[in-house]
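The chains carry the letters A, B, C and D, assigned in the order they are written, with residues numbered from 1 in each.
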Amino acid sequence: MLTKEQIAKRIAKEVENGQYINLGIGIPTLVANYIPAHLEIVLQSENGLLGIGPFPKESAVDPDLINAGKQTITLLPDSALFDSAQSFAMIRGGHVQLTILGAMEVSEHGDIANWKIPGKMVKGMGGAMDLVASAKNIIVAMQHCSKDGQSKLLPKCALPLTGIRCVKKIVTDLAVLEIAPEGGFILKERAPNVSVDEIKSKTAGKLIILGEVPEMQFD
Amino acid sequence: MINKTVLNAEDAVADIQDGATLMMGGFGLSGIPENCIAALLKRKIQNLTIVSNNAGVDDFGIGLFLKERMVKKMISSYVGENEEFERQLLNGELEVELIPQGTLAERIRAGGAGIPAFFTPAGVGTEVAEGKEIREFDGKHFLLERALYADFALVKAWKGDTAGNLIFKGTARNFNPLMATAGKITIAEVEELVPAGSLDPNAIHTPGIYVQRIFKGDSYEKRIEQRTVSV
Amino acid sequence: MLTKEQIAKRIAKEVENGQYINLGIGIPTLVANYIPAHLEIVLQSENGLLGIGPFPKESAVDPDLINAGKQTITLLPDSALFDSAQSFAMIRGGHVQLTILGAMEVSEHGDIANWKIPGKMVKGMGGAMDLVASAKNIIVAMQHCSKDGQSKLLPKCALPLTGIRCVKKIVTDLAVLEIAPEGGFILKERAPNVSVDEIKSKTAGKLIILGEVPEMQFD
Amino acid sequence: MINKTVLNAEDAVADIQDGATLMMGGFGLSGIPENCIAALLKRKIQNLTIVSNNAGVDDFGIGLFLKERMVKKMISSYVGENEEFERQLLNGELEVELIPQGTLAERIRAGGAGIPAFFTPAGVGTEVAEGKEIREFDGKHFLLERALYADFALVKAWKGDTAGNLIFKGTARNFNPLMATAGKITIAEVEELVPAGSLDPNAIHTPGIYVQRIFKGDSYEKRIEQRTVSV
């Protein structure tokens, strides 16, 4: 089973040179640490920034520079600032090419639920519904099962949806899976020392296995 | 030249009445109109409908309005940082309308731009789509969303001139320029108020036409929610 | 009968302190010369400028500063520059409070035709359709009759329309008229030495005369 | 950092093919992509659909494309400054779609912003409304208008950096920033090309995300249509 850092590291391999990328809170944020140095990419923050720099030194903290997680950040030489309408114009218009975000559930048709649990306080969807409805490539980073052992890869999401037919790929602590156009999770890679049978037993939705399933590589 | 200057926050918000709809700029606690908030708190007006991306924290920003029971309804995309908010919501003392952040931004922009409605992909297939028209364009489905307007828009800029032209700083820009366009009356508070002619006309984010009142705000706290530093 | 300058001068009296105004090409442009100095107003140019300054000195001509008539202009201290979407956002959103423009025909319901003559080369409507569909107050500056003597104030426009039920007031070389809510041209003022009968004979649409019609004042 | 720089106009437009739809920035002759126009003229490609507020004059700007019969269709708001244009139009050699200027601007902005359609008041009751859905909102009528897209957007900026961030100057901004968002490929020519980090990130008009190629243009003529001076 992968650690959160390993999930992030595996997702970083999906990043392509020249991409504009939006990273959600949690594991997706960690992905930034593993993007190979030779790739030139730009991170978008939906509160109005292209080119998210590292966290500031204590002496350089600026309350007027935060990311969408409300953390203090810095600018980079190629940064540009803009308002929220422009920010979501670039998201909705498909200019942000890759969105990586967490999920509570993903269905075998690529539906995603990640914003609301009935009975619990609802905090809001923030920008998630816009992001999943828009980006060409959407990768989910999550644990394969919930804390009580239930599969999060389902025939159909039980929780209120964030978006439909939008997820392209899922990287969990057990596997890399792609959504098949006709529905189903195509098992592309398994985590080191995780068997196909284990993944099968922990995937509630339709699992598609095409030949030998290689072990994940991280470099 | 038209001079939009008012003396201070108290004067700027003096005619905001119970039951008004207010747009308030900011993302989290960044770029919020601190002086207008303080002036409204003193007046303890009630039954406000507030359009703001977030709802502040318990002891700062819009959270202070909640504590004083000034808010009837919040229209936001994310409200998760506030215990008093949660309490009032669970007790049915507060209405909340949650809107996807990009849809919220575009609805406000549409309100200012005379676009009464537009189609957007965000929320198709989710509960956000309930009761809304869904239409297909080029093989993809979209929701019809309506423009948002407000009686007053309260925005915070970095610099402004007496003609109402505004320049924002960093990510404190966020919803402020959109909201400035969608208020019947837009009140801008600025850190630096300069004479018309002092700002580069090419670098203005909000043209003065959208601003009815402007004043220099005092003692900005600019509270940070997630101070995150590197060593 | 008024000269073009006099029509402009009369229209200038309609301007209120603090207004944002869009002036069309022709007589409307002349209005700027007659706005009383004590009024603080801002002129909008739909190609992306608030605060149109005077024409430049020869030495200060800048090809990157033109008005919507493509004339070289200058900036003022309170000027702001923006793009065409922002420009029409402020027009469509009703932030430009007064639009003054020319017309070929106006109907007694406030319809206006000013962009196209069947059989002649069509140049396009430019921003006129957006302007007339949006501003709260729309004043037309035009000759009362065409060159061949036909009334331009009609029961119904014959030419292709630019907008419907939008004109609030008309200032011609003969008269000042307002559109009545139920239809009709209310004769508010007559030009010096022009009789009500002459205006009657030259107005094809319904003319409404309410009591004594005063002579225009220019100051 | 991503570097969007290409050598020159010829390289920038090398893959534009016959039949392409091009958006071209400018208002009249102000802010037009002079170098891209020159490079395309050399290639004499044909059957172009051009989205541009105007159509140039007989011997400058898009007028030069018309002279070489490169244009199949113009989508514009005003085309009155060009005799060759008139001749081709009357002879049926050219298609023209005339769109209210604000609708043109908003349709382009919508194309870039992922808004497939929106309602606008411009053109209600006129021939522009023919065949379009009309809907009432709050007692007023509006037309449904669709987004516009292009294979290539050719824009002209004042300054740009290697990451594609752009700053425009004066009223030469006009349609350029909108079009930059709506091209599948956006090509920016600039008077000054500077290294990333040289522009104030707070003053950028077009963020680099919208620009795929950028180059420094040469010898801008910037022809003036109506030189009007005061004495």
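What we mean here is this: a contact is a pair of C-beta atoms (placed from the backbone, for glycine too) under 8 Å apart; a residue touches a chain by one contact, two chains touch by 3 or more.
All figures in this text were calculated on a predicted structure; none of them were measured in a lab.
When the partners of chain A are compared with those of chain B, the chains appearing in both lists are D.
Set side by side, the interfaces C-D and A-D show unequal numbers of C-beta pairs in contact, with more at C-D.
With each centre defined as the average position of its C-alpha atoms, the distance from chain C to chain D rounds to 29 Å. Measuring from the averaged C-alpha position of chain A to that of chain C gives a distance of 55 Å. A separation of 36 Å divides the Cα centre of chain B from that of chain C. Contact of a single residue of chain C with at least two other chains is seen at positions 75, 81-82, 88-89, 91-92, 134. Of all residues in chain D, those that touch two or more other chains are 106, 109, 113-115, 120-121, 168-170, 202. Taken as a graph of touching chains, this assembly fits none of the simple shapes: it is neither a line, a ring, a star nor a complete graph. Under the touch rule stated earlier, the contacting chain pairs are A-B, A-D, B-C, B-D, C-D.
Within the complex formed with chain D, the chain B residues making contact are 106, 110, 113-121, 135, 137-138, 140, 142, 146, 167-170, 200, 202-203. The touching residues of chain A, counted against chain D in their complex, run 18, 20, 40-42, 44, 50-51, 75-82, 86, 88-96, 134. The part of chain D that touches chain C in the complex is made up of residues 27-31, 53, 76-80, 86, 89-90, 96, 98, 100-106, 108-109, 120-128, 158, 168-178, 205, 222-231. Note for the complex: chain C touches chain D at residues 45-49, 54-58, 61-73, 75, 81-85, 87-89, 91-92, 111, 121-130, 133-134, 160-165. Per the touch definition, chain D reaches chain A in the complex via residues 1-3, 109, 111-115, 161-163, 165, 181, 195-197, 201-202, 204, 207-210.
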